[in-house]
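What follows is chain A paired twice: with chain B in the first complex and chain C in the second.
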Partner chain A sequence: MIYGQVLVDGLIVGLMFALVAMGLSLIYGVMNIVNFAHGEFMMLSMYFCWFAWHFAGADPLVAMPFAAVLLFFLGVAVYRLLIRHVLARSLVAQIFATFGLLLFFQATAQFLWKSDVRTIPTSWASGHFQIAGLFFNGPEVVAGVGALLTAAALYWFIHRTETGLALQAVAEDAQAARLMGINDNRMYAIAWGVACAAAAIGGGLLSTYYAIAPLSGARWALPAFVAVAIGGFGSISGAFFGGLIIGVVQTAGGFFFSPNYKEVFVFALYLLVVFWRPYGLLGRK
Partner chain B sequence: MRLIGITATALGIAFAAPALAQEEIRIGLLYPTSGTAAKSGTETLEAIKLAYDIVNGSYDIPLPYAKTAGLPGRGGAKIKLFIEDHGGRPERGQAIAERLITQEKVHIIQGAFHSAVAAPSSQVAEKYGIPYVTGSSEAPTLTERSFKTFFSVTPTTEDIARDFFTFLDDLRKEKGVPLKSLGVVHVNDAWGASLAKAAEGNYKKYGFDKLSMISYSPQAADLRSEVLKLKSEAPDIVLQASFDADAILAVRTYQALGFMPKGILAMGASFASPDFMKALGKNADYAFSHTKFNPSLIEKRRAAAAVNKLYEQRAGRQLWDAPAREFTAALVVADALNRAKSLKPDDIIQALRETNIDGADTISPYKGVKFNEKGQNVLATGLITQIQDGTHHPVWPKDLASKPVVFPAPAWDKR
Partner chain C sequence: MRAWLAHRVEGLPVAAIVILVAALALYPLAATMPFWRHVVIMSMLYGAMGVAWNILGGLAGQVSFGHGLYFGVGAYTAAYCYTAFGLSPIVSLPMALAISTGASVLIGLPTFRLRGHYFVLASVFIMQSIYVLVSNWDRMGGAIGIEYPVYKAEGIADALWHGQFPDKLPYYYAALALFLLALGTFRAIQRSRFGMFLVAIREEQDAAHSLGVDVARYKLYALIASAAVTTLAGTFYAQYVLYVEPISTVSLLVSLEIGFIAILGGIGTLWGPALGAFVIVPTTELLRAYLSGRLALDMSRLADGGPLAWLEYYALGGGGNVDILVYGLVIMLIARFQPAGVLGFLRRID
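Coming up: the complex of A and B.
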């Protein structure tokens, strides 16, 4: 039974890593930029849900779509004001831009809202239950299912809609896409918007049970980077499976060996993947 | 004969002089009023200033040296404070200690809130042979250096662990519940590790035969594997050292995975913070914390109510842990200065060594103040509080308890 619990727990955490990783991978896939501030967009969404709950009594699950819309536009704005200007610059300039963004959001949150830990004590998702001897926590199950649905929606958007296909075209060859009449600048902005909206949904789902503080998002982003690398940079479905793998490996490694070293297993797996398939499990060369 | 007479007169004047002229006692205060601990440091400093004002002035409070103006043993001598801000930075604290001693010629230094600042600044005091007293820096390593000049009034993390174990032993006897296995959940930093070390060194002595150690990174996104591991080891009792956010996450994960030990004992402030109780509601109930001050002491210590009132006028809030501890330390300093044969460093140190204050004459839960050869107060004990209906109530030691203890804690779904 304990093996089942380890597996279930790993998958539930993994789904959340997967959602974060997919947003990261979308931006990287389309414009080859690593967004270090991705976790901070989640954090902003968590605070949005907290304020909505605190001042309007809104359940985080209700506030979440609003956070997603808001962060879509924030993502677009960040692209237009910052990222656009470093697109053609060196890799170092791009890294500094998004890493600077991370520091900016974290420091602003700390300045405005202090480092106090906030929580939303109850939500529609609250409660816990047992099925066949396995323990489930309501908010985490809701978060897992929400992450899964969002992942499916993202996949559908990329592979089945015209905008998604245009995004893929830009990712494949921006110049050729431009010749076909696709506005690549607009596509990049959409990629940022969609990725940030996905981060907002992740943040909203987490806010039903997770402590909200300026560094809350960063805790999720680092493992998500590894998920992207394992799955293959730029591959949306690779990021999804990478997230799941990390969740299970981390939980199982921590349980069967020592929780102190649970990240070691994740990074060891990453090294294995890098040696065996340098482009990740589902990545393209 | 005449020569002898003059010499005798001269000697007489020399010896009598300190008693005739009003002495001025100079105390250096080394605390953070800037940096990350600025707020706590400022509030702590207010309590210390209040203590010395009470000594200097005449107050109708049942505390030693309150009623008389100045120190009666020194002919009513007054205390002058030299207040310095170290901002939480060890090297700054060290430089300030140097200056306080060589330039301001202070007789004694009181500091420093941060153990990391107390360590180097007390090193300077040791070098010059000037006494140094701390009321809030609780790293056990400070007194383990066996300095001649260093005195710690506060309980150390070692003492906190000892309090926990004594409390558990009392519980075992009182409730007839066998407690055999112990789990320690801690963040993997120096503070968390000091609890782990103390638990490791003591668990057998206090009748436990199994110890499970779970350490985790404070940056961890989730604590499932930690809690699953803990659950599979099923300890009777969990000792915990966590920060605010991970304390909340840990308890939520305990609940989600159906792990409920008979009791959770938390070191530090995380389980005592309002955020913790707000986040967890009734699931925060029955957790134990270790503290050195609780509003219920206002009833139990005869001087505490009056002191608390004066403190509130200055600081705008009630006394809490660190200010109350440093207030007590200031009175220890005043007591030693009052008894010292002279204001020479060695005489003050001797007086500190001979300190013997009853707990009832302080505002702290300590049994009293008495230093061992390393300068550690051996009578320093804390309070153990239990959250009941969203409020911390002292449940141990018995004479300071305001509510009976609830043990073992009821299961999550029976609350």
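Coming up: the complex of A and C.
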């Protein structure tokens, strides 16, 4: 029973990691950029939901779509102002561009809102329930289901819509896509917008139960990179399953050893994966 | 003599180098206030680490965000050996260098097989894991860290043995020595066969390998050299601030700052990281000193509960971390406009 509980808890957390990892993988897959600031977009969305609740009494799930729209445009702006100009540059310039973004957003949040932890007490989502001997925490289940739905929508967008197919074409071969009349620059901007909107939804869902602080996003995004590596860099469905795996590994590590070290197990998993299967557990060369 | 003075070391005439070093050596005579000495001490400390990072990141092209580990090895070894066994940093430094070399080999051997993003992410995850482990390591003071007991030295020999001085001057010259040592090490490697192998690895690893360059071995040597200087800087830092905690030593943030110094000045160049440190460290130190003074005023006004008090609260907040904010902003601007760093700007003006 205890194993079942750990597994279920891990999968519920894993759904959130899966959503975060899919956003990361979308950007990496389309333009080979590792977005270290992904978690910071989640953090901004969490603060947006907190302010909406604090000043307008809005439920995070009501504020969330607005955050998603805002962050879509923020993502597009970040692409246009920063990322577009480093695409042709060296790996070092690209990494420092997104790490700079991470430091800038984190420090701005610390500067404006201090490092104090904030929470949103929601009445509907609090409390636990029990099914077949397994305990569930209300808000976590809601966040997990929300993440699953968003992940499904993201998958549908990429594989079933015309824009999604154009994104895939650009990811495959930007030059050939351009010759087919696809505006690759526009596609890159859309990829950033969509990834950031997905991050915003993740942040909104988390804000119903997770502590809101300047570093809250990084705690989700850093392990999510491991999910991306497990799934094979750039694979959207791989990132989803990678997210579930790290959710279970983190929960099991925290439960059977010590919650202090739960992230270390996930990071160790990354090293195992890249040494053993450099293209991911599910990926191909 | 004149020909020698006009000789250029990476674009900088020897005469200019002599003047700059003399200016640094004489600076404390002009700047007697502890704050102004502190600013230059920190610039030289970060400059030394940026130059050391540049051996691996600039010459060999292996971008590592794990150098906080080696900095932490230097700082924690000195702090722990002193507080637990009363060992002088003079004794603990060789131990720290041995640990740092051991860690370099342990980490370098497997990770240097990785390339590009895979390598960068591996360094990030290793750094973050070490941070978590040290933060939970009770013997090392956990997240709080280790504080030195204040020691009043009697005489110079005693002060040297304890590595604690009542005034900033000895620290200043120790930092200067460290800074020059880092520059000398970089220059020596850059001019050697070894340095050429590193550049060959950076430019085209497969080609270098096919021409018989032992890629794994030279990357490892570069890391060991780079880590050793960073460890020295760590020991100096511990003895200087007399307080060691995880967030300011073995953290990803510190590792980023170290790499950032090199990028800001000009990656792969001799003078770039030194220049970068002297641009960014004084800027952030001054900004922090200025803002903390101003914010103290604002907070006292907030206590009066004026009508705009809540606005001030949200708009000014703690005002902390403004140095990180500037780091983030400048680093983005550099990546966006001039990846060759400040040196790149200067060359363009030239």
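Convention: the second predicted complex is superposed on the first by the 264 of 285 C-alpha atoms of A that agree within 3 Å, B and C clash if a C-alpha of one lies under 4 Å from a C-alpha of the other, contacts with A are read in each partner's own complex, and residues count from 1 in each chain.
Everything that follows uses one rule, which is that a contact is a pair of C-beta atoms (placed from the backbone, for glycine too) under 8 Å apart; a residue touches a chain by one contact, two chains touch by 3 or more.
Everything numeric here is computed off the predicted structure, so don't read it as measured data.
When both complexes are superposed on chain A, chain B and chain C clash. Within the superposed three-chain model, A:G253 lies in touch with chain B and out of touch with chain C [touch as defined at top].
Contact with chain C, but none with chain B, is seen for A:F99 once the two complexes are overlaid on the shared chain. When the shared chain is aligned, chain C comes close enough to touch A:R89, but chain B does not.
In the superposed model, A:E263 lies in contact with both chain B and chain C. Of the two partner chains, neither chain B nor chain C is touched by A:A56.
After overlaying the two complexes on the shared chain, residue contacts for A:M1 are found with neither chain B nor chain C. Stretch 134-142 is the one among 134-142, 170-178, 188-196 or 206-214 where chain C clashes with chain B after the superposition on chain A. Overlap of the chain B and chain C interfaces on chain A: residues 222, 258, 260, 263. Every residue of chain B that touches chain A in the complex is listed here, in rising order: 188, 214-217, 219-226, 228-229, 232, 244-246, 248-249, 252-253, 255-258, 273, 275, 278-281. Residues 34, 81-82, 85-86, 89-97, 99-108, 110-115, 222, 225-226, 229, 233, 258, 260-261, 263-264, 267-268, 270-271, 274-275, 278 of chain A are the ones touching chain C in the complex.
Across the complex, chain B is touched by residues 2, 5-6, 9-10, 13, 116-119, 121, 128, 130, 135-137, 140, 209-211, 213, 215-216, 218-220, 222-223, 250-255, 258-260, 262-263 of chain A. Chain contact summary for the complex, chain C toward chain A: residues 57, 63, 110, 113-114, 116-118, 120-122, 124-126, 128-129, 132-133, 135-136, 253, 256, 259-260, 263, 267, 314-315, 317-322, 324-325, 327-332, 334-337, 339.
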